[in-house]
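These notes concern the structure reproduced below.
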Amino acid sequence: MNSPTATLLVSCPDQKGLVAKIANFIYSNGGNIIHADQHTDFSADLFLTRIEWQLEGFNLPREVIAPAFEAIAKPLNANWSLHFSDTLPRLAIFVTKQDHCLLDLLWRKQAKEIAAEIPLIISNHPQLQPIAEQFGINFQHISITKETKPEAEAQQLELLEKYQIDLVVLAKYMQIITPEFLEKFSKVINIHHSFLPAFAGANPYERAYERGVKIIGATAHYATANLDEGPIIEQDVVRVSHRDNVADLIRKGKDLERIVLARAVRLHLQNRVLVYGNRTVVFA
Amino acid sequence: MNSPTATLLVSCPDQKGLVAKIANFIYSNGGNIIHADQHTDFSADLFLTRIEWQLEGFNLPREVIAPAFEAIAKPLNANWSLHFSDTLPRLAIFVTKQDHCLLDLLWRKQAKEIAAEIPLIISNHPQLQPIAEQFGINFQHISITKETKPEAEAQQLELLEKYQIDLVVLAKYMQIITPEFLEKFSKVINIHHSFLPAFAGANPYERAYERGVKIIGATAHYATANLDEGPIIEQDVVRVSHRDNVADLIRKGKDLERIVLARAVRLHLQNRVLVYGNRTVVFA
Amino acid sequence: MNSPTATLLVSCPDQKGLVAKIANFIYSNGGNIIHADQHTDFSADLFLTRIEWQLEGFNLPREVIAPAFEAIAKPLNANWSLHFSDTLPRLAIFVTKQDHCLLDLLWRKQAKEIAAEIPLIISNHPQLQPIAEQFGINFQHISITKETKPEAEAQQLELLEKYQIDLVVLAKYMQIITPEFLEKFSKVINIHHSFLPAFAGANPYERAYERGVKIIGATAHYATANLDEGPIIEQDVVRVSHRDNVADLIRKGKDLERIVLARAVRLHLQNRVLVYGNRTVVFA
Amino acid sequence: MNSPTATLLVSCPDQKGLVAKIANFIYSNGGNIIHADQHTDFSADLFLTRIEWQLEGFNLPREVIAPAFEAIAKPLNANWSLHFSDTLPRLAIFVTKQDHCLLDLLWRKQAKEIAAEIPLIISNHPQLQPIAEQFGINFQHISITKETKPEAEAQQLELLEKYQIDLVVLAKYMQIITPEFLEKFSKVINIHHSFLPAFAGANPYERAYERGVKIIGATAHYATANLDEGPIIEQDVVRVSHRDNVADLIRKGKDLERIVLARAVRLHLQNRVLVYGNRTVVFA
């Protein structure tokens, strides 16, 4: 089970024989499937699958798998991606001043709950630099004003390229990512401190308190050009009562934020999330 | 413990000595307090309390308690109400065509989970009449169109008066209650089939599906002139996944709706809910 | 999507090519797979799958599917079963005096949440007969004492045969089913009013209260010869506090019991539950 | 609200006038009550209360409050304790090799979620010393074998005295605390990695997996002479499925453990937990 595996994520218009065709591709090349999940969205007429098999004993060399599968995928009009479990994705974490989500991700990496390299932390404030140093991670302080934002984002993108980053995690990065940035780098997971779509935008805990809700939540989603409206990966909630003031909501919410963000990042890194339209399929 | 009790709900500007004053009123008249809850909202500078004591051995006759307490409450600028546990509140349930919340409430009354009389069911459709009959409850079918709404609401209010109704429960009553109605009868609990403030308004399950949320909810609140914005009494949630289509969300939501509504009605009937501004204190 | 479907449940020793072989069987006969789930338990070296496809357009007549699949299954040493979505399973509900789980199941059948026939209710007490009558279901009162138990169970088994029952649901049936009964009729789902394995056996709410737990639960499981130790299908929990006495635990527990039991029955009826050893795979 | 407060925890046989007497004591000395909670356990005939008031403006000097209240408490046969919010309790954390609960508690102290001094970490293994150093906390490695246990506990108790420890937190300390230790130092909170009373004792996740439960939990409780049977302070749970192997249960459980332990420690430090018999009242 711990030998390296390959994972295919595929989505394509629904038609007969898709499971058979993909399974046959792997079986006929000697692969042993260890996980296979399918979902059909009938309203979208879309078939989505995640299939993982052991590379040991698989007859195709790694570099041939993709071109070989393309021959099957093309006639199906499929979107697909291929991942190897022993190629660690590279993360950059964007933060501002709050440390709870950052520390939580770094702890989980240390505990091997998250399988990734984390070579880079970027912040618009210098406060969290000591944490980066403690974990031996490069920390880049890029301050941002309304005027310098384009330039700051250019710098960020340059760093992402330099560090060959695969995924950006906004770990309480209290800045809006512009559509221009996302056009150039689109794999961005954000944690929003509310149960979206409730309390999108600023100050969700204050507004949750004002509204007198009895449950608060947190939402991890892919960042898109429309703020707080990207495809949701994971949500969770916790009960509050009249005894909880705004500070209590913030405190309780921090536990949600770090757990929900960590789950979403882990699911993404395990290639368990497929996006279509503004929705996700999560093969958990 | 099963002897009758009196319950005082009090809210007033915060000041020293409130707990002592109210407790002394009961103790000095020979009362045995069995539950006492307080809450101070420091931002609103408001003190709220619920205090329940046994009437057995209490020296004041029932009809004297209110005037005697008014002497204490007036100098405190207090809002307060007095309730006796053996005076059953009278409920009217408003429904349309869905039966799950109605059946659930009637069953809970039968099972003595809800201590109330339910002499009246009002609906804008005739479908649920057989259920009313089965439980021996008067069923009034008052159909509503845009034009007849004022007249229909006048009829409803007349019935509420005739049946001496204390509380109206909107058990999936798919009609908006007008501000004019609420001005004349304000004790109205509604169940909204979403985790408010998310998906206020129509078709929440469809919209939850569209948004791709991973958790859905239900909200019981007091009806106010602003649709779906009244003080929240209770909420609960359930996880959903990409495997759940709109019909699944509706099905899962129905379980939430009946449980959340039942809890809210029970809390209200036990005089555990105090409203201030657009918020509630729930002494559960 | 609403045309009839066939569902195969298969479990067999793990080996290469299982997904491909089963998918090919369906595809090569013109079937359109609408759901496919797999699970491999590596510690048990077992492959389990549930696969559902549309019968419309499938080339094999219904009566030929099973023998045709047996040709594939036999060399794999597979346990398997085949189900058609338009063949409604037949339920018998066993009850004692409590009505909440019974009513809940009957409501759900009425609301089409549960796709089954319910021709028979059996009880060791007469109290719930009126509910059976109201829903037009045959009610059999078979009283049970220590001495008459073998005879009573014989009567029950006779009724199950007469009514061609596929599944027995113990809806708060406060009697132990003997191993002898289960040998003759093994498809039995029970609801236990605790979060198993905590508080197996009698009086779980009293014991939960005594232990001072902060959360209580309910567990739906298949009945086996070892009381309260059968394979778990579904569990859920609810928070309690020091303010909840035993009666409150019972009341809160009743909501859990009916929801957990209903979910388990629905999952079973949709052929989403596979049992192996003392565990279940639930393809929900 | 941020001025120092005093908190009284009182439990005594139930009788009339308790709320009034205690409230009067505070009011007559010029105190402003900011929180007051009561609970009566009718089966135990016990009254329990937590009352917190502002010291600013209170007429009694701190050192006089206790003797003055004793004059009231004695005739009531009350157990009571008095706490000042600006006297920080002193914690010792016992660990073995796992760092997640330790890191979490230290981070929460830093984030001011936990108001306490943490001058001492004791472990039977050296692995976590670097964490202690990083936070500037004294780390004492006391290895334990069956033979050296009495001696090791004597050393531990000596350290607790030297460091004037008020509360010991067992943060995944995989050793049994002997009754002899607890006789000398009884304020000990333990985190057990299961939903007690299910899976008390060793290897709870392995046993939860074997049993095939659908939900796992964690329990924080006061340590007593009977292993895993002390009064429960807090519990929480998370869903698992057939896709989760033992390693997944352990990973999911770690999130529960740190949150449940942190909540329990915080509740204890805020003097919100009263113990009677084997139960707790938690005024949260």
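Per-chain numbering from 1; labels A, B, C and D assigned in written order.
The working rule: a residue touches a chain if its C-beta (ideal position, glycine included) is under 8 Å from a C-beta of that chain, and two chains touch if they have at least 3 such contacts.
Computed from a prediction, not measured in an experiment: that's the story for all the values here.
Between B-C and C-D, more C-beta contact pairs join the chains of C-D. Chain B and chain C, compared by their mean Cα positions, are separated by 37 Å.
Our note on geometry: chain C versus chain D, Cα centroid distance of 42 Å, whole angstroms. Chain contacts: chain A has residues 42, 243 touching two or more partner chains. Chain contacts in this assembly form a complete graph, since each chain touches every other chain. Those residues of chain A lying in contact with chain C across their complex are 1, 16-21, 23-24, 26-28, 30-38, 40, 42, 239. Within the complex formed with chain D, the chain C residues making contact are 39, 41-43, 195-199, 210-215, 217, 231-237, 241-243, 245, 278-282. Within the complex, the chain C residues that touch chain B are 99-100, 103, 107, 111, 113, 134, 243, 251, 254-255, 259, 284.
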